[in-house]
Amino acid sequence: MRRTEGLPSYPRRERLPAIHLTLAQLTDQLVNGITLGMLYILVALGLNIILGLMGVINFSHGSFFMLGAYLMYQFNGLIGFWPAILLAAVLVGLLGMAFESVLVRPLYRRIPEYTLLLTFGTALIFAQIVRRVWGDDAVRVDTPPYIPDSINIAGLAFPFYKDVFLVLLTVVILAGVWLLLNKTNIGIIIRAGTRDAEMVKILGINMPLMFTVVFGLGSLMAGLAGALAAPIYAIQPSLASEWIVLTFVIVIVGGIGSFWGAIVGGLLIGILTSLMALLWPPAVEMTGYFIMGIILLVRPRGLFGVEGLFE
Amino acid sequence: MTPPNRARRLLLHPLLWTALLFLALPWTAGSDPFHGQWSGFVGIATTMVIFALFASGFNLLFGHVGELSFGHAMFFTLGAYATALYANGFNVTVLGAVLAHGKGDNMLVALALSLLLALLWAWLLARIIIPRSSGIYFSMITLAFAQIVFFTTYRWSDLTGGEDGLQNVARPTLFGADVLRDSDHFYWFAALCVFVALCVLYWILASPFGSVLHAIRENKQRARFLGYDVDKYRVNAFVLSAVFPAIAGWLWTYFQQAINPDAGSVEYSGNVVMMSLLGGMQTFMGPLLGASVYYELQNEVSQATKYWEAWIGVVFVVFVLAGPRGIMGIIDDVRTNGVAAILRNPFKREEPVEPTFDEALKPLDESPAVSETGVR
Amino acid sequence: MSAPAPAVPVPAAGTGYIFKTSGLTRRFSGFTAVNDVSIEIPEGGVRTIIGPNGAGKTTFFNLLSGLLPPSEGRMWFRDREITGLPAYQRARLGIARSFQITNIFGRLTVYENVRLAVQAVHDGKANFFLPTARMGKLAERTERVLHDIGLWDARDTRAENLSHGDQRRLEIGLVIARDPPVLLLDEPLAGMSPTETHETVELITRISPGRTILLVEHDIDVVMTISTTITVFQTGGVLAVGTPTEIRANEAVQRAYLGEIA
């Protein structure tokens, strides 16, 4: 697809009367929306796991997404495409762990708003660091030459990396996260802790360590999403602020602390945003906020936010 | 503790100190005696007083009700755009109907329109948000709703001029005299308007209504069980806290003589959050001091590096971690304990907020603070 | 306390009961805390609810005071149905409650705490800027409540800096400030020293004439001394109701309590 910069963006054409919509355009935007939604899911789920377990909200989560993209860009030239993605994600995860233990931990005794304030401050710092290191102008990452540009499915051409590979890979990652949360000890502790941190503490589990690990895991998912998105979107310092607010919206729409909420919320907003580009381009950026408004009116705690955390 | 005597109370009155601050700003804002810059800049001073009002309005909600709104720039930008549109005139088609208005130069009409727009939006939002959320959930939702206003000003180019905004807004006349074009005059005009608005805010906070807000900040559940309609108070406080940013936006448009969508951005919302915390959020003077310090810092640091925002971020993070009661908190400590005690033990201060707001996490539960026998 | 005429309009008495419940039930994700409780609580006196942990006493309080909505069932205050009424409106009807966990305005002074409770009586009428005369009345009433609970000398202390016993007393002060006809006290003696316990029991006895006090309490000696009737809860339902003497003699109650100990 021809989009190059910013996000979310829409094709540079004037408003089209609805009757002129072709099936190809519709499919195009639908697939676009799914890709966008998949990335939203990765970022929002990371945020949601942290929020669900620890009750703190990380404004710098968008910065971690942005750092993932920049680090991927940095290492791509040095160690190659795939290792760069992996390394970027892991580095962001480690950064998240350090961030939690140094800056966030002293704030657990205070009201959760303080974490929001702190991470708002650090988001400013991250944005300036990125400007200093990589400059104000957008940078780009190309997919390796051996990845086909596009693939034909049912007579329609889809960009391979963006619309096929990325979507499938995200599904695999999400399945992995689900297994981690539902079938491993650590996941059971996270889920129990989401319901009742006191009880888990009583059972003798090292909660500070758990918090650090979970914060790292959530950050790693943001970093991974950033690294995977690097070849698709222009990488620029405004990425962080563009993504973080939409991530909040997805969490609200899906429901705080809910695995399936993040998935449904991410897909819903991704797809509807893309379709809005066909229907009424000036309102594209607002799609998510309108959805949130409607959801708030009918289901104040989000689609999956009532009971059953991470199930 | 005996009640302080009259003279002492007068000397420590926040409004007196506000007046003194505003009198001093034109000579001190942006001055730097170490580099031979002895006089202040009246432009910086004007920015400071306007943001002092904006931050104070925000802080009515944050510092006094305990709700952190991350979207208060929406009221600022609504006030600013209403003023610019009124002053410049507009002509726009909405759903086939033509809305048109010629230029107007009555600043009171502009103010009324600003307030009307901001109040309507605030009331609508309050009805949607307040019964459904509190705590960090509230912060996230206000942030998101502010984006709707931001993107409206950004994308509705026919009306708002899109990314470039509206330029060449004429300064208003004062009783027919064109005196406000002069920056000094405009500063005194803005300072007077802000001061009057702050007097109203002070009166609100000192009234029985204000003390109920403090009660809600301390303990929503207890307030409810005393018979207070807590949500009604929160809605009223939310709407009131939109008034002051709208007035600030009105002044801002006249001061800048232009307006663009940035005025409603996340950054602007975040800036007043930082100002309130830097100054001291549970005090009346805090946001005023915070706004002054913020722009003083910005002025100094931006001369040294174009990445000045990072240093503002660092200062803010240090305050969140080590001095969440802000500058007013430090002043308070010095007054009660003396300088020596503070220097001996710089980090051991009274914690500001113990987790009394247990409600924050579970926004819709009536109250999780009460443990249910046998539930867990 | 020399009780003045209640400041809150009281619904006509004479129905005989202060609270009536019918099929009152509350479930928490599969667990039934209060199970099909239909009782009438007579007006006046100290009506104590006892029972083992998890019997549903506090949940029953929370349902009556409007902290939690019932899963099923209805309830009446005198002859007015209050099933769907929000908590603050029940408080305005004159149902005041204290909490197991101390629940005061921590960073406000003791004086401000009580004044807010007194001021609540006028809320909804002239809440924004009260006339000075009424402010004077508020001050008078606040002063009297502070004397009643023995915290006049501590009036300028921040509530969070009080001792535990004084905080509990302040909470009782908040509850009685508007002179309500009904008090719901949830373990008011928990964590108190013997002296504090003694003083607080005295305070409760002093304020009880002319009102109904619903009490959840574990201190069985106190319960036996001050209760008019005792209602025994077990696993979400009512096991027995009676005077202290009757309850002491009740076999089912003895079995329940012995069973718990064994």
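Order of writing sets the labels: A, B and C. Residues in every chain begin at 1.
Operating definition for what follows: a contact is a pair of C-beta atoms (placed from the backbone, for glycine too) under 8 Å apart; a residue touches a chain by one contact, two chains touch by 3 or more.
In this text, all values refer to a predicted model and were calculated from it rather than measured experimentally.
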{"item": "Chain whose Cα mean lies nearest the overall Cα mean", "value": "B"}
{"item": "Most distant chain from subunit A, judged by the mean position of its C-alpha atoms", "value": "C"}
{"item": "Distance from subunit C to subunit A - Cα centre to Cα centre, in angstrom", "value": "49"}
{"item": "Between subunit A and subunit B, centroid-to-centroid distance (C-alpha), Å", "value": "31"}
{"item": "Approximate Å spacing (C-alpha centroids) for the pair subunit B, subunit C", "value": "41"}
{"item": "Per-residue overlap in subunit B, given as positions that touch at least 2 other chains", "value": "354, 356"}
{"item": "Set of subunit C residues in contact with two or more other chains", "value": "none"}
{"item": "Partner subunit A, residues of subunit B touching it in the complex", "value": "68, 70, 128-129, 132-133, 135-137, 139-141, 143-145, 147-148, 151-152, 154-156, 266-267, 270, 273-274, 277, 307, 309-310, 312-314, 316-317, 320-321, 324, 351-357, 360-361, 363-364, 376"}
{"item": "In the complex, subunit A residues that touch subunit B", "value": "55-57, 103, 106-107, 109-114, 116-118, 120-125, 127-129, 131-132, 196, 198-199, 241, 245, 248-249, 251-252, 256, 282-283, 285-286, 288-290, 292-293, 296-297, 300-301"}
{"item": "Residues of subunit B defined as touching subunit C within the complex", "value": "1, 207-209, 211-212, 214-215, 218-219, 221-230, 354, 356, 366-367, 369-375"}
{"item": "Residues of subunit C touching subunit B in the complex", "value": "28, 31, 33, 53-59, 62, 65, 67-68, 87-89, 91-92, 96-97, 99-101, 103-108, 112, 115-117, 119-121, 123-124, 127-130, 156, 160, 174, 177-178"}
